[in-house]
Amino acid sequence: MTNSTEELIRTEKLQKIFVVGGGFARSKLVAVDDVNFHVKKNEIFTLAGESGCGKSTVSKMLLGFLEPSEGNVYYKGKDVANLKKWKEKKGFMKEVQSIFQNPFETFNPLRKVDSYLYDTQKHYGMSKKDKMVEEALEAVGLDISEVKGRYPNEFSGGQLQRISIARALITRPSLLIADEPVSMVDASLRMSIVNLFKELRDNRHVSVLYITHDLATAYYVSDRIGIMFRGNIIEMGDVEQVLMNPKHPYTQMLKESIPEADPNKKWTERISIKELETEEYMRKGCKFAGRCPYVMDKCKDNMPPELQAENRMVRCWLYE
Amino acid sequence: MLNILKTENLKSYYIFETPTEKKEVKAVNDVSIDIEEDKIYGVAGESGCGKSTFLKTVCGLAEPPLRIVGGTIYYLVNGKYVDITKLSQEEYRKLRWEYISYIPQGSMSALNPIIRVKESFKDFVTAHKKIKDEQKDFEEPLRKHLNALGLPMRVLKSYPHQLSGGMRQRVTIALATILNPRIILADEPTTALDVVAQRAVIQLLKDIQSLQKNTIILVTHDMAVHANIADRMLIMYAGVFVEEADTEELFENPLHPYTKFLIGSLPKMGDKSYKVSAPGSPPSLANLPQGCPFHPRCPYVMDICKNERPALVETKPSHKVSCFLNSKERIQND
Amino acid sequence: MLEAFKELMKDGRFKFAFIVICVLAFMSILSFFSPYDPLRWNVVPRDRPPSWPHIFGTTSQGQDLFWQSTFAIRNSLTIALIASGISRVIAIIVGLVSGYKGGTVDTVLMSINDSFVVMPLLPILILIASVIRENLNMVMLGIILSLFGWAWDARVIRSQILSLREREFTYTAILSGTKTFNLVVKEYFPFIIPIIFATLINNMIWATGMEVTLAILGLSNTEIPTIGTMIHWAVNYQSILLGYWWWILTPVIISVFLFVALYLLSTSLSEYLDPRTRIQRIGKAKE
Amino acid sequence: MLFIKRYLLPRIVQFLVVVFVGITIVFFVPRLTPVDPVQQVISQITSQGAFMDPAAVDALRQSLTELYGLEGGMFQQYFAFWGRLIKGDFGPSLFQFPTPVMDLIMISLPWTAGLLITTTIISWIIGNLLGGLAGYFKNKAWAKTLDNISMVLRPIPYYIFSLLLLILFAYLIPIFPSAGGYSVGRRIGFNWAFISDLLIHSFLPAMSLVILGIAANFMTMKLIVSNIVAEDYVMYAKAGGLKESTIAFKYVIKNGLLPQITGLALSLGQIFGGALITEIVFSYPGLGTLLYGAINSGDYNLIMGVTSLSVIGIAGATLLVDLIYPLFDPRIRYR
């Protein structure tokens, strides 16, 4: 168990059920279920998974953009759901900031980019004299003269993502939630953004919750990692251990299926391709049971609990 | 080895004309390249470098605002080189699918949503072949083809929306290869698929190539996909190819400074060593710098780079690069 | 502003619309200098074909068609502006509330809204007008039309808000500490304003059409000269059968020009104001 | 099952809501306005010079109140109104007393329905075909010409256009009759003379509806097609070397017709309104002319009847179009 003073944010039994359609066309979709994790001070924690695993829904719930159906989010021990007043919410947002997947969508295309930086400075009660905007831009390797008076479509994706990070840094947050921050940034610029997270952690003591589908950058940048599948975290622990020695059959399959940028590691064995089950979300037991090579009878009816195996959490009956 | 596709000084621009101004986006800017038979080529580059436009252009799909401004595109058809930019629409239409085939970007919606998959196959086949005997000329070869590619027969009766994304993509690929084309142009065929489907698509493309012995030009930004499937690679930057080499050679000994950054910054599992990105940002294709397009970002920039454009030349056996560090040959300005 | 106008004038559709609307606006201003009282009959010789000084001819009621038209244009435009102005306010409020609040509020508002979209409004308008008839002055007519003319546009605004709400820059604005009201004004209005503009003009077309319809049926106050009542009187006096073609033709031609000009204005403007093309222009200005 | 729940049920509910809201408006509007319809009729009669003693006025008031269904409290009246509506009873016409309103409507309805259904179907088919082709071959000269013509015709209201046609054909070039559904004195019967007479009389009103309908469908279809040609499956069909005609019809127009079916359902109310006025301009013996007469004579029951039935009829037609839609779209049929 970690020392609670070290914890920044923690979720307990977090669940989100979406109601799709209205009236008679209503149906339910459990997007996130029983998600428990925390992010410590001075660490980069990764939530990884394929599209549709619920990782972005988790980030929206952490930021208060979505209300959890069940469960709680605690920031420094306080339940975030109790922040009702605008002032309290702003106090929370000052500490927890976020950047998004598509840098071209992060800023309104009809507004000048710098207005967001100055808005942030003003709304969080800092005066222009504090030079917070200039300082934040400097931290991401940009100069105010490059940014001033220009519209989003005058920048490249990489530049916009830096400006987005700069905007988030103006409030001097303790936690930065980065939802797929490099998936739409060009390959040659990708690592400069990822490296920035390391710098933030080491030099500014900002923790980062890195949400991605890319295991290679996750391995490169993070300290701990949680693997999500169909709404659950199915394996969580030290990044070195989880990714280099995965225990959950899904994590193993995921790691095996992601191509590596190394021509000497071409796939040699063939896989037999079963059609993916679209109904995996509806499963009662382990959601991976339909595809798991080690499937047992109890997997089909019972969701495995959070088990401990080799210094990590695994949700798999194999490790009972 | 024969070249199945040759382009010479190919220029393909997006031309936007409004009453007040004219804007040219030089997406393919003077490209001369040879593509050999019976190989999988990988074209890599970042968004907006012109790689998709290159593919569309050589596929003869340039439609306004995209226009071929100059140059030639030769295909080797029945032992003779044919310049498709000089062909009439009808002559070129006959080459499609039996000779040149195409797998589009985001081909999740490449199939007509309101007809059954089999109907789509039939439309594409009848456009090029007369079907006299429905069973013998259409049904049987179709079944054989799907069998060989390991696709279930039930997809034929389905509507596209009833298939999963990965299955739809594989059906599209089957459709593209039904007439055994000599060259397949594939634009980001694995993007937006989940990992298992992505692997299945890569496997399928490899199978088709070894089965039909054709040439595949695969465009994707994902270097990991290239590493897995491509025999030979082309690196594109700001509308031109800056490097061409066999995949292993390219990953081990990149010559162009841009390729070096690209390969060097690839994160790998089990490797935590510090990776650096190229400085700066790629230029806008509407506003290219003079000289080598990479010179504003290049750490080895020389005076010549700022004024002259380097040509793509073979500096090592079957390894071409366009950089004045390696060869002084330049593109003549016209 | 001047730049935008210059660029718009290069569009033939806008140019035509602009000139026609200027002429019509000029005519409605002229009405203030009319030598005749529009409500009085037999002020000029009757049934004269177009000739000097009655350039549009005169009616069987002894009214000058040119000067009558100036009043008609002014009054029809006034009714249309009242109707579309008020209905814009309703559409914006319903669209914003429904789109931003969501949930039950949205469901209720939209099911009412959808009923108005599918409902055949004309028979209902006729019923209402036939009940209040004599008391139906211009302002009243404008208000009644506005109560029926908001539904479709509210839906358009709502769906725009819904898609804007899901876009990432909304979250960026919230994280920048922007409150809801400012968020809507600063982030969403640049997208909503072109819609309001285009629908305003389209709604004016609709409202004028409805005004004319009710007038032809004799359901509005036929004493007030509008394009509709001019047609009403011409039809009532059998002007076609009696060969007074100029009488019916004058309001018909004016209305055709008015409708076509407003329509072309709305299509050319909404193309110009479309955020996608606007974004392109923003980039161009700098290059 | 899912299809019924997700597609059918919401639409049937929508139909019921529209009918409910519409009929409720129709019921309450006359009752919420300051004007008393009974008083209106009485003052109309007295203003025509007929002298009546107060007792006779009271008796008249009594019988009119009964006739209008204005007895009892507001809710009592409301439920009574629904009750009579379901039976199709709108009371007697006041000015063709005692012919029931329903009978008058039933005489006019076939004229309107015939005109409306034919013109709507013709203009929908022609407009969408032309619009689809013009959208696909948008750089051809004929496409641009059609586009310009439609752009000018599109905003003109039906009745203004019918007046233009009327002036042009019935007066300046007198080929077609300017009024009526058939020639005065001709006997109604199923023979060629009557039918040709009918067609000639319906020609102008039908033309104004068809031409404007084509223009409207043309413009929307062209817009829809301009988006469809950019769809992956159209680009792909081109890359596959499919014949232009196959692409134009099977890939572009067929897909473009789907939103147009929904569009038709949404615009039926408007088309109906336009047809009403066109009938009046041409004195065509349909619901519009019936309504016009009712307005002029203050036949309150008749106005209520026509209005209520229009609401139900249009909502029903909309539902019908919605119910046909799945036959054309497999994405709704097989979910």
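Going by the order they are written in, the chains are A, B, C and D; count residues from 1 in each one.
Assume contacts are C-beta pairs under 8 Å (C-beta built on N, C-alpha and C of every residue); 3 or more make two chains touch, one makes a residue touch a chain.
These are the chains along with the protein names UniProt gives them: A = Oligopeptide/dipeptide ABC transporter ATPase.
None of the values given here were measured: they were computed from a predicted structure.
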C-D or B-D - the one linked by more C-beta pairs in contact: C-D
Chain whose Cα mean lies nearest the overall Cα mean: C
Distance between the centres, which are taken as Cα means, of chain C and chain B, whole angstrom: 52
For chain B paired with chain D, centre-to-centre distance based on mean C-alpha positions, whole Å: 54
For chain C paired with chain D, centre-to-centre distance based on mean C-alpha positions, whole Å: 22
Distance between the centres, which are taken as Cα means, of chain C and chain A, whole angstrom: 50
Multi-chain contact residues (two or more partners), chain C: none
Contacts with two or more other chains, residues of chain A listed in rising order: 23
Partner chain B, residues of chain A touching it in the complex: 50-52, 155-159, 186-192, 194-195, 214-217, 219-220, 243-244, 253-255, 257-267, 270-271, 273, 275-276, 278
Footprint of chain D on chain C - complex, ascending: 13, 111-112, 114-124, 126-128, 130-133, 135, 205, 209, 212-213, 216-219, 231, 235, 240-241, 243, 245, 248-249, 252, 255-256, 259-260, 262-264, 267
Of all residues in chain D, those that touch chain C in their complex: 14, 17-18, 21-22, 25-26, 29-30, 33-35, 37, 151-152, 154-157, 159-160, 163-164, 166-167, 170-172, 178, 265-266, 268-270, 272-273, 276-277, 280-281, 291-292, 295-296, 298, 303-304, 306-307, 310-311, 314-315, 318
Chain A-touching residues of chain B, taken from the complex the two chains share: 46-47, 150, 164, 166-167, 194-200, 202-203, 221-229, 247-248, 251, 258, 261-262, 265-272, 274-278, 281-282
Chain A-touching residues of chain C, taken from the complex the two chains share: 107, 167-169, 171-179, 186-187, 190-191, 275, 278-279, 282-283, 286
